[in-house]
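I've put the structures underneath this note.
There are two complexes below, and they share chain A, which is joined by chain B in the first and by chain C in the second.
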Partner chain A sequence: MKKLSARRRHPLAAVVVLLLALAATGGLYAAFAPADKAQADTTAQSLAIKEGQKLYTVGCASCHGTGGQGTSDGPSLVGVGSAAVDFQVGTGRMPAQQPGAQVPKKKNIYTQAEIDQLAAYVASLGAGPITPTEKQYSPEGADIAKGGELFRNNCAQCHNFTGEGGALTEGKYAPSLEGVSPKHLYEAMQTGPQNMPSFPDTTMPEQQKRDIIAYVKTVNGEDTPTPGGFALGGLGPVSEGLFGWIFGLGSLIAVAIWVAAHTAKAKKS
Partner chain B sequence: MSTATDTKKKAPAGERVADWADGRLGIYSLAKANMRKIFPDHWSFMLGEIALYSFIIIILTGVYLTLFFHPSMNEIEYHGSYVPMQGIRMTEAYASTLDISFDVRGGLLIRQIHHWAALIFLAAMFVHMMRVFFTGAFRKPREINWLFGFLLFVLGMFTGFTGYSLPDDLLSGTGVRFTQGAILATPIVGTYLSMFLFGGEFPGHDMVARFYSIHILLLPGIMLGLVVAHLILVFYHKHTQFAGPGRTNKNVVGMPLLPVYMAKAGGFFFLVFGVIALIAGMFTINPVWALGPYRPDHVSTGAQPDWYMGFAEGLVRVMPGWEINLWGHTLVLGVFIPLVLFGVVLAVLAVYPFIESWITGDKREHHILDRPRNAPTRTALGVAWVTGYVIMLLGGGNDIFATHFHLSINAITWFVRITYFVGPVLAFIITKRICLGLQRRDKDKVLHGRESGIIKRLPHGEFVEVHEPLAQGDLYKLTAHEQYKPAEIGPTVDENGVRRKVKLTERLRARLSKSYYGEHNQIDKPTADEYKEITSGHGHH
Partner chain C sequence: MSSQDIPEENLPAEQGAAHDAAHGGGTAVAERHDDPFADPGLPAHKPRIQDIDERAAKRSERAVAFMFTLSMLATIGFIAAFVIFPVDKIVYIWPFGHISALNFSLGVTLGLALFCIGAGAVHWARTLMSDVEVADDRHAIEAEPEVKAKVMADFADGARESAIGRRKLIRNTMFGALAMVPLSGVVLLRELGPLPEDKLRKTLWAKGKQLINMNTNEPLRPEDVSVGSLTFVMPEGLKESDHNFNTEIAKAAVMIVRLQPEDIKDKRELEWSHDGIVAYSKICTHVGCPISLYEQQTHHVLCPCHQSTFDLSDGARVIFGPAGHPLPQLRIGVNAEGNLEALGDFEEPVGPAFWERG
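Then we have the complex of A and B:
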């Protein structure tokens, strides 16, 4: 301590103390402050909200109002959450082309980055369901059979046995689930878009949603095997009956006409 | 080479076998009577054959399926090879259907042949029946055979329905629930019937086993008997034929049963089997594995019966949900009226031959077929019936049509409600006009010949188209039909001037007869005199 005390008037002492103090503050800050990434996110978040607002003003405000408060043409977006935006815009349903019984799915013209920005803006209007992470919606390792049971219990009434879709009243419909990504399936269950009821985690926990996604992807995915041959749309007896009449009986009648046309000829004298 | 007594030469082996059989079965006289039986040739006479052969195919494949199907409603946990159902609780019936589809060799193909053949069987019967209807082949002496055919169609519907219900999957269970609803809607006895049929509350534990007996034993047994009777009557009555040179009401012109028709019919059987097997090998029908087991608390959209029950589904779907509540009892008209209509729609088909013979008063035998145009009112009635039937099929599939044509299901329902009444009337009027137009055209062809397409310019500048006279045979075909005169009520006063009482049925019959054969309801066919007068003249007309 003597040595330290003797050097306290050294011309460089102040510099050393300053350096130590800075190092200590920096170290402590590094140790206790929020992580760097989060810091970056915060800035990115506000940036995203700002960018999202611009996109919103162009694409959405005419129906949902300049502040997302809703108009006679579109509902309020306060509290719908980022998951709803990600679903509606990501499947091309929003922005809607025209009013009607139901807004159909169409080609999505936004990049995922733009959708995220829009979602960030809408989420900033009020808390709501958050866009799920891949861990939440991935069908990897989920129980397919359980998912099937849940599907028949909750979904098949409108979406058909294997998610081929079905009719609702007055031109509304439950769309086909063919080719819908696991994320969008998850978000649809979470937010209940358009005529669909919502299934929040309180009524249908995350695991069950993943089971359902796994089932849908198994029975109505790109590489679902159809052991019986061409599936005829998976629509059941109506398409089967039409096919049986037109191609089944139709070809048999054609064969009958062919047979009758090639009859044994009586000998001509 | 035999060594001993070769004095009496032995007959060839085939002849000896035939002799042996003849001594016991009398096959020689049978063969003599029937081997040269003549059948006329026309493609439309083979529609019934399609039905017959698909029926045989159904029986053959059905036998194979019974070897593996367990008609039991005991609950088990599935551990077969179809992954999405593993660990799910289901009845043995459903599990064994999954096993047939995935674990039994050839099971899925046979199941699909069985089901496709069933759809085609019913469709072929329908078309065959329409052929018989529109050509008047149901007239005396074939009314009973018409009834047999009708019964086969109705029994086929119910056999199909019970078969559709056996796998106990979510689709079939929904169909059975629908039927139970219809049974419950029957006044007074509905609940008792339901309890009796299902052995208690729906679905109970007996349904599959009971439907199984009905499906594989009771109904097909009756149907087999009816098919045999149907064919015996075809042999007995001899086949009808279209009018033509040399064909009369008293003969049959065509080819003999042996060898021509045996070869043709045998070959056609394999063609039918081949086409059905090809379809079954390439196109899925009723993928039960995707549907899940039936549970009364589950239901799916797009649940329809097979096509032959589609009109019943349509009737219930489009009927407004009326009901009457009286003294604590509910009469569900929304289901009961469709149930009654279901019977009525079918019954009018059954009784039509008797109605027509009552109107015409014709008690003679008819073996020459009508061309549909020459019976305009009958043809128009038939088309009206088919129109109503097809409209109801549309109603039965209203949800599928709504989603695939981007329509409102309510709009389709209303369309069906209105066109079910308007459509048949329009179809009747239009068909009758077309028939009369065709009759006029026939008359024109007979009197003035066929348009040759050659335009001739006459000396004074007029252009005319040259008409070629028809061949004698064609003239005969176009004029062979006979035309009824409308029935008259007859004098209403007797020889003493006393008014007699004209019965209401008599008046009705006269009116109906007039609407069938009255002045504007058929075109008088050309007479020989008319023909002579025109053809004896020279040049154009």
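Then we have the complex of A and C:
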């Protein structure tokens, strides 16, 4: 040490110290770099939560409270999970336009990125169902027949046997499932929006939800054939009978009146 | 106001006179032309163009024949369509959308074939068949006295010739045979039975039977059932392949929902629940429709048939509609394996009321 100490004023000492310091810094950086990267991820997550909180304060806080605790105008969002947010905001139901028996579906004004940020914020308030991935809800290769059986047992009582929807009490209704994306169908079953009961994975496994989505897309999709012509709302004999009585019988009466109103005489009187 | 206001010629006696006068001669009609009840007789017959012009008649004949021919062609088209189109062929036709080619072509051709027969017949009757007005007077319904006398005489002859009054044995056995024959129909009514005995009061549920989730066919555990969810269960041991599955599930179908225990207002409901999980019959007590339109925020269950509404947070009390009884509740608990199980059958008959229900 004496030797080293004696050379501390050597002209090259500063260079050596600098080199050592650089090596130490580099080594430390190398050692901590992966940890650093992980930290960057949580930053992105916390950034999303932060952005989501800003959107929440503007769009949701007036009814659901500043911290998602709920008010007399809107339920608590603690524990509803990101899937509920993705469904409610993604289908345009939230933010609600006005109070009423039921909040209707309308045009969605948020981008998917904004919805994800909102969902991240609400999910941070308490654990709940997570937004499903495409693998979970894609109807590709699902069992349509099994889905039909499950749909008729669990869903058809409110949504009609082909998902045309139907009325409930006091102005509430089960909406039509026509044109609803597989993701939103999945999230609705998972979270039970508004007055719909939920069908959690514990009682209705993921695969069964996919089967149901495949069934709905088969019987009420864009290219679903209606072999008999007009579906007339797909409600069964009520609308079909009404159509037959009004238009079928009506046109027969019109023809009969037309025939009787035109005389066959040569000289019209 | 008095009878003075009624013009005398409109009184029945005067009217009859006017009627007779009208038939009597033309002069009376001219005198009484303001009589509103005079029989105007048939209007003068007016000919049609087809009655006057032979070429017009020919045109009408061709039109009728054309429609009948079109009907024949449409029938041939119907048969051709039946042969050509496979049953699952779907085509796009505006404005119907994606429609079965077979259904559409069969409907159009059969409709055309029938319509053309009708239209041809109507056109034929209107333009070519005689259209001269004919009056046909009513006649008495009663038969002529000679006809009546003949019938009575024939009947008396028949009775005498068959000797039915003299051969009493034949007469009495014949009456007996005729009286007995309807009994065979009465006996067949027995096939409407047997009486249901206690089948209306009992279901497959019994103490210790586990609640099987109808989606997964696995026993249901309390932790599987979250608040706000809806699950349908059937009693352990019942299989969908059983020949009596439909009969049994029609009585034993049960829906499971979970409420916050503090939301349950009915004391017995709370007692019969497990940790807020309640099990209710899915069969409406009005006329037995399956009822499971459950609103998870209000805890109301609505029947789709006649809108009976039950409050699941208050012992399934009827809050609206024609149902006469609350939905029967199934008493549940948890067995040693941690699965939900029934603690007995329903205490009251499920489904609609019946005469002996009490």
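Quick notes
In this section, the second predicted complex is superposed on the first by the 220 of 269 C-alpha atoms of A that agree within 3 Å, B and C clash if a C-alpha of one lies under 4 Å from a C-alpha of the other, contacts with A are read in each partner's own complex, and residues count from 1 in each chain.
Here is the rule we go by: a contact is a pair of C-beta atoms (placed from the backbone, for glycine too) under 8 Å apart; a residue touches a chain by one contact, two chains touch by 3 or more.
Remember, predicted model here, so these are calculated numbers, not experimental data.
Clashing of chain B with chain C is the outcome of superposition onto chain A.
In the superposed model, A:Thr218 makes contact with chain B only, not with chain C.
Once the two complexes are overlaid on the shared chain, A:Cys63 sits clear of chain B and of chain C alike. Looking at the shared chain after the overlay, A:Ala96 reaches neither chain B nor chain C.
Of the two partner chains placed around the shared chain by superposition, neither chain B nor chain C is touched by A:Leu55.
In the superposition on chain A, A:Ile257 makes contact with chain B only, not with chain C. Once the two complexes are overlaid on the shared chain, A:Ala44 sits clear of chain B and of chain C alike. Once chain A of one complex is fitted onto chain A of the other, the partner contacts of A:Leu168 extend to both chain B and chain C.
By the touch criterion defined above, A:Asn195 lies against chain C but remains apart from chain B after alignment on the C-alpha atoms of chain A. In the superposition on chain A, A:Met204 makes contact with chain C only, not with chain B.
Counted by residues of chain A touched, the larger count belongs to B, out of chain B and chain C. The clash between chain B and chain C in the overlaid arrangement falls on one stretch of those listed (24-32, 60-68, 78-86 or 258-266), that is 258-266. Overlap of the chain B and chain C interfaces on chain A comprises residues 153, 157-158, 166, 168-169, 174, 226-230, 259, 264. By the touch rule above, chain B contacts chain A in their complex via residues 41-43, 45-47, 49-50, 83-88, 101-102, 108, 112, 116, 119-120, 123-124, 127, 170-171, 255, 260, 264, 267-268, 271-272, 275-276, 279, 281-287, 289-292, 295, 297-307, 310, 393, 396-400, 402-403, 406-411. Here chain A touches chain C in the complex through residues 150, 153-154, 157-158, 166, 168-169, 172, 174, 192, 194-200, 202-205, 208, 223-230, 259, 264-267, 269, going by the rule given at the top. Of all the residues in chain A, the ones that touch chain B in their complex are 101, 144-146, 148-149, 152-153, 156-162, 164-171, 173-174, 215, 218-219, 226-232, 234-245, 247-249, 251-253, 255-257, 259-261, 263-264. If you check the complex, the residues on chain C that touch chain A are 46-52, 90, 96-100, 103-104, 122, 126-127, 131, 213-216, 220-221, 223-226, 228-232, 257, 290-298, 300, 302, 304, 307, 309, 320.
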